[in-house]
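Presented sequentially are two complexes of chain A, the first with chain B as partner and the second with chain C.
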Partner chain A sequence: MSNIAANAPNTSQLLMGNEAIARGALEAGVGVAAAYPGNPSSEIIATLAQVAKQLNLYVEWAVNEKVALEIAAGASFAGIRAIAAMKQNGLNVALDFLANLNLTGVPSGLVLVVSDDPGGISSTNEQDSRHVAKALDLPLLEPATFQEAKDMAKWAFELSEEIANACLMRSVTRISHARGNVTLGELPHLENQARFDISRRPYASIAATAPKFHERLHQNLSRMSEIYERSPFNWYVGPKSPDLLIVTCGSGWFHSKEAVGILSKENSVGILKLGTTWPLPKGLISRYFLQTPKVLVIEEIDAFLETNLKELSADLTTGRTWTFFGKASGHVNPFGEITPDFIIHAIADILKVNYVSRSVDYQKKSQTIIKESILPRDSQFCAGCPHRTTFWAMKDALRMDGRQGFVVGDIGCYSMGLASTGFSQIKTVHAMGSGMGIASGLGKLNQFGFNQPVLAVCGDSTFFHAVIPALINAIHSQADFLLVVLDNAGTAMTGFQPHPGTDMNAMGAPSPPVDIEKLCQALGVKVMVTDAYDVKETTQKLIDLLRDEGKPRVLICRRECALIRARKENPLYRVRINPDKCIGEDCGCERFCTRVFKCPGLIWDRNTKKVKIDEAVCSGCGVCVEICSQEAIFREANG
Partner chain B sequence: MSQGRKDPLNLIITGVGGQGNILISKLIGEAMLEEGYWVTIGETYGASQRGGSVASHLRISRKTQHGPLTPEGQADIILGLEPVESLRMLGVYGNPTSDVITNIRPIHPMAVAIGEAEYPSLDRIKQGIRELSHEAWYLDASEIAIGLGAPLLTNMVMAGALIGSGLMPVGEEKFERQLKANFEKERLSLNLKAFGLGVSTIRKGKRASHN
Partner chain C sequence: MESKACQALVDEVIKRDLCTFCGACVGLCPYFIAHDGRIVLRDHCDLAQGRCGTFCPRISLDLEEMNKAMFGTPYSWREVGTSKAIFMARSTNGKIKGRAQDAGTVTTLFWFAKDEGFIDSAVMTLFEDKSLPKGVIVSTEEEILACAGSSYVATPTVEAFNRGAQEDDRKKIAFVGTPCQVLALAKMKGSTQEGRNPIGKLQLVIGLFCTWALSHPGFTQFLEREVSNPIIKYDIPPHPANVLQVYTEKKRIDISLEHILPFVRPACQVCHDLTAEFADISVGSGRGEVLEWNTVIVRTPRGMEIVEGAKRKGLIEIREIPKENLARLERASFNKKRRALDRIIQKTGSVDDLLYLKLQAEIARQLLAE
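Coming up: the complex of A and B.
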């Protein structure tokens, strides 16, 4: 069983990349860790939170990524090594601070881990975070294996102190969310003493000093390059003078090694794996470049390494040129995640060899079978999800209102309000809190003849993360909108982490909750509260608030996430069907229960032509009882 | 025992979100790690994570650490907690030497639950598996788990079926040791029982050999 707090040097554990990063931070003697949850980065801080008490750490789920990084920087200013972790979208939130922090530098090791999500597996975008390191002249490390994730995270603190600045570590889904062998190192024995030295010059960059600090950053880059020349995180496998040199980083290492092996090209293709990708170690790279005529660059998302290698090669005064293959040449996809198969085909194409993964006959058979027998599994709200009932109420309220009102949203489980189980109500999804900001703008368009009601939705965690400034803005501008806060008592999408509205912190200790209703009242906005499971009351309140137009209004729909509740208590009701009352397709309601409401606990029985309950799935919320016009669904209190 | 010596050994454990395939991959992975193997576990998802397809890729080697994604057509064993998911993975990662062990109890996708699509018959699924695999085992692991009073134990029954099949280079006692290290006392005996029933069921059962 994996245990990242084990003081067992030289033993191996099967660690997730994120756990390995957390372990590396522990081996570096980290004292403070902060993050806002977001996949694929969430387990880094979650893992540290679990061992916080045992190892005397301070670990926090911060209100957003900027505050998380500021908390970590605060610790560093007081002499404590600190780590902040976030996903790629989160880096944008933290960027304003980071783009000033780089100028002032830090005294104690400060590591910022960003987990990118190629393919947007659990994200709204697939932004490449590495550009930030180049733009801000900060060091960039990219782990390629689970062991390296641990070792590199540890070393990142040393590098940070060596250059007296924050160090960026970029992971990707296939490292962060995969597991592999990790051999542990020693855990240090530390007596951390925090103190801010008030006698030193301030950590501050102002107008007059910015260029000077900027210049110092550039001098730092040359030092980093020199350090990187000897880094054990850069290595080469292959023949002395390969026909083709693959240069890769991150998840590309495993895939490239596999592809070369599958094509049996170990004797003609070399792989230069780089772990230090900004600034580049020029001497090391030029040594390998001089041994080959062709370079193939394998990396996830943007052509960051590829472009920088081309730039570097233009500066090499060797009189040689190279043929580059990669994203620009069309051999590697510049979007989506890369897989071993993409690389196999890229190498096969460059070396002009044939590769088929399976016989033509087998391939044909498998395609036919997939087409005939495989059904898609669409996104849907879970059984008993309070968001389904809130979106149901919003759909009904907007239809009854009849003025083509619509919903603007943002990121969370409730983004599924875009899809059929949210009755396709959401019309915009961008950044955290963007629905509220967009509503603030839409709500001021009446002078241009705009008269559609605007509903903004946000979750409770998002409310704290980014909605509050936009709400204050909209209250001050008296925009015309209704904000619906989908309060399910936790950061559900990323694994139920606590937030400032919950009564517990990351380390499991009691914390005073900030009350959203009272906060709204204090801001001077009209606010109402409803139970998301009470469809009638919620619909009525929505209708009333929609009619009370011309100013900001807030409706808080409370109901704990059905998955969290199921962990703590038995279902509220046992929901059953009276088959004598269910009249199936003859009902005339478009089969609200299954076709429209789409709760996975309700199943349409094709044989009996009646609805039935899937008792293994039904969460016992009892809401569907209110949906059925024939009273064929009934509920019994779960005693 | 045909797959035991292949390196890397590529095992895909597939199912629907919530079935617990990630937990059993971790337990199997840790059992292999203790035997001195390099173990990599990756996950692939379908279009959705809530109620969607989830597959764990286990890649086991004596020589080196492998990447978390199995290349197309390179699966040696597919362990399916849900029949359509077994076929879905076989379609992408299977080859004529792949072995399949699958639970036969369907979990209906939304389109089926709301009456807009039909779930393929078990005969059709079996025929698809027959055409794309080397050998296949079928069991109603859900029924066995329900018999124990907890449908959530389906994953443990399937883990028993995998280890009991002899396809993996690891024995029952090694897996049981992982269960003992990972479960609290109250839950341990039921999990061990489910695992044991998986082992005995697969050993009694007839494998469907096609070639």
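Coming up: the complex of A and C.
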């Protein structure tokens, strides 16, 4: 267990990258931290929230990333060091503010940590956030080790104050979520005193002042570049004049080291690890470039560093040229996560080394084993998830309605409404709140002969994050749609964080919840509420609402997330099967509960040809009792 | 008889406007539901063969084979189906006659059958005012009487039989319904599909003469516009009167059939069966001198047993059917068959493709040539 607030300098702890970043912020005397949950960044603010009371921090799960960054900026304007954290998609949300903030600058340290998700393991895209740093002329740092994650996060505040502007730090999954030993530094004894100086020039760039501030940004870049020349976050290992120079950053460092080690090429391949990746320390880089004819660039997602190095090399007036290898040359994958395998093969190809990663025999054997013992598995909603029952009701209601209605959605656990676990109901998923926006458009196509009912789904968290403006838009335009709010009392997908609709804040203190139903009533839209577990009632309400067409309508399907509930309370029911009544594969059922409804708490026993309850998985919600057409499932209320 | 799975039902019957909405495919499993005048497949069942396809009267219909199985005789195109006796009948019970559609024969026979223990339940169709009628399974004389009267709207009544047959305390069930529903029950009887065939509990089938049925919600919405007071009875008097009579609590409204015919279910256009040819007893209205009577066709020994028993007890009175009426009925029946064949061939474009009818092209040609 990490003790992130430990007042124990020079001791070592095993920390997750995100924890290390949080510790770095604490060592810098951070006062305010804000974020919106987003994998792989969530633990940064979650960690700070846990020690907020103890260390006199203010920590918030803000309604969205733009507001989170604005909160942090507000603190910085009042002289308090602040940190905002988000995933790559969150940066897009915050970008409007950030693209103005860079021109106004900040007086106190403001660090924006963006955790990218190469491969989009838990995202809708695998966007490379680093381009934003270049586009906005802001400094960019990329930690490559867990120690660095902490040290960089701390130093980022100093850099930020040096240039009086925000500082970007970019992490990736393999840094944020992996763990390593970190030697702690000192925690400062600060008395953070907040005060906004009303006498100074306003923080604003309007009318024709932008070019002036823009010029100032470029001047900043030069200063930063000079500071970077001396940074301990850039280092080199390898021979003086390597046959091949690897330039890498972030998680590329560990991968490159491993690859070079496996090929035993430490004597001919050098690795220049950069931690300061925008602007580039030209002097430093050109010194190493001059020692080698070949450069291989290793980085996650886009050829950001690679392209910038090529630009840099074009400006060097040495008359020399280099052969660059990397994503552009096809030596490193330009999409998906990088792995040591790619780097090994790249080096082997460049240096004409023979390397066979595994025998053909091994490959064949492993594929046979995979086919035989690793069963294909769909992603699924948890046992007891209210989204399953809501999508079930939507599926039935739309089929009964018979007009080819469909669902557009956004981001959350319920995005799995795209898959068979959600009965393939959702037809579009893009950004937070996008379903409502798209529905606002679809709902105005009547004049083009459009007559399909449109349902937009959103979660309680995305409702506050982004849906409200789109909903207001659609109410005002009188679009024809039904918004279904899946209210499971939390931001579940990212770790059950609170949000403005819940009664608690990030620091565990009570907070007045904003009532979605009352808000809809105030907006003047027809709104109904239903219990997501009550399949019959929810289906009927949907059918009725679908029929009440030609205007905006909202249905709030309420039921606490099964996992949130399970942490607090015993299961609602003890659920059991009566095997005598179960007709299994026969005409009349054909495994309706396991094959169609697909709750993982139900299992099909191929030997007895009956359904069983998996007691380790079943959450005791009791909904399957309503699904079974033979009354073979029964439930007893848990005392 | 061939059986097909749920998707075949959707593609070959529902999507081709052949579905009669009889309800035979509903109530057997969770996959099909009857909703708002339509049969809806809410999920896919993986079975290649199922009771839904076996029972559907619009999939794979071999009238010759069915007639042999039920009556032991070849199917007759010219007569009003196989029969043991055809006559007029009417109830002697004033209470029944006051409530009934015509002469109260069906209600009286059901009361008798229940009294004598032939049946413990009856599947019937109940309508209230302008709402969509529903199939129900009932046990008491009062409930049976409450179901008297036709709304002319197609109702999935066989669903009520499928569900009712699953109730353990119902062991002997009667059914009254339209020719398509009766056809579905006959297919059920002939089904070789193993397991869970509800037909085992069926004791008595009364079929009603039917020319066409109306669809919901089209007809219902029309009524809501045209008739404000609650409706207690509908009637279509015999030709040449060309109206639908709608009786409200206050008065009778006559609506010209030309306004009603647009709501006839497309599936009725290709129906060949006027007199419910596969029932134990078929019942229709009378005309002319026997306007106050029901026309009754008895087809099976069970049907005979019920009718003779009721007659012996004085619950119904019987008289002979006027020759002219029988001739007219036979003509109407045959014309319906020809119209059906004609329209099927119009749909398919070829006499070699008769959709679900298992009938040789040569026979079809002969019938149409007359």
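In this section, the second predicted complex is superposed on the first by the 633 of 639 C-alpha atoms of A that agree within 3 Å, B and C clash if a C-alpha of one lies under 4 Å from a C-alpha of the other, contacts with A are read in each partner's own complex, and residues count from 1 in each chain.
The rule is simple: a contact is a pair of C-beta atoms (placed from the backbone, for glycine too) under 8 Å apart; a residue touches a chain by one contact, two chains touch by 3 or more.
Only a predicted model underlies this, so the values are computations on that prediction, with no experimental measurement involved.
Undergrad: What does the overlay on chain A give for chain B and chain C, a clash or a fit?
TA: These partners fit in the superposed model.
Undergrad: Once the shared chain is lined up, is A:R174 touching chain B (first), chain C (second), both, or neither of them?
TA: first
Undergrad: Once the structures are superposed on A, label A:Q404 by its partner contacts, choosing first (chain B), second (chain C), both or neither.
TA: neither
Undergrad: Looking at A:C589, would you say it contacts chain B, chain C, both, or neither? Reply first, second, both or neither.
TA: The second partner, chain C, only.
Undergrad: Would you sort A:S199 into first (chain B), second (chain C), both or neither based on which partner it touches?
TA: A:S199 sits against neither chain B nor chain C.
Undergrad: Give one of first, second, both or neither to describe whether A:P600 is in contact with chain B, with chain C, with both, or with none.
TA: A:P600: touches chain B, not chain C.
Undergrad: So, does A:Q54 touch the first partner chain B, the second partner chain C, both, or neither?
TA: A:Q54 sits against neither chain B nor chain C.
Undergrad: Once both structures sit on chain A, report the angle chain B, chain A, chain C from C-alpha centres, rounded to the nearest 10 degrees.
TA: For this superposed arrangement the angle is about 90 degrees.
Undergrad: Now for A:D396: first (chain B), second (chain C), both, or neither, which partner does it touch?
TA: second
Undergrad: Looking at chain A, does chain B or chain C touch a larger number of its residues?
TA: B
Undergrad: Considering the aligned complexes, could you tell me the closest Cα pair distance between chain B and chain C in angstrom?
TA: For chain B and chain C in the superposition, the minimum C-alpha gap reads 11 Å.
Undergrad: From the superposed pair, tell me which chain A residues show up as contacts to chain B and also as contacts to chain C.
TA: 595
Undergrad: So in the complex, which bits of chain C are touching chain A?
TA: So the residues of chain C in touch with chain A come to 28-31, 33, 35-36, 38, 40-47, 49-51, 193, 195-196.
Undergrad: Report the residues of chain A in contact with chain C in the complex, numbered from low to high.
TA: The contact residues of chain A facing chain C are 395-396, 399-400, 402, 423, 583, 586-590, 592, 595-596, 627, 629.
Undergrad: Within the complex, which stretch of chain A touches chain B?
TA: Where chain A meets chain B, its residues are 1-2, 12-14, 121-122, 145-147, 174, 177-181, 251, 254-255, 257-259, 262, 339-341, 344, 357-359, 362, 365-367, 369-370, 372-382, 413, 416, 421, 591, 594-595, 598, 600, 602-604, 606, 614, 616.
Undergrad: Which of the residues in chain B come into contact with chain A in the complex?
TA: Interface residues on the chain B side: 16, 26, 29-30, 33, 38-43, 45-53, 65-69, 71-74, 84, 87-88, 90-92, 94-96, 108-120, 124-125, 128, 131-132, 151, 178, 181-182.
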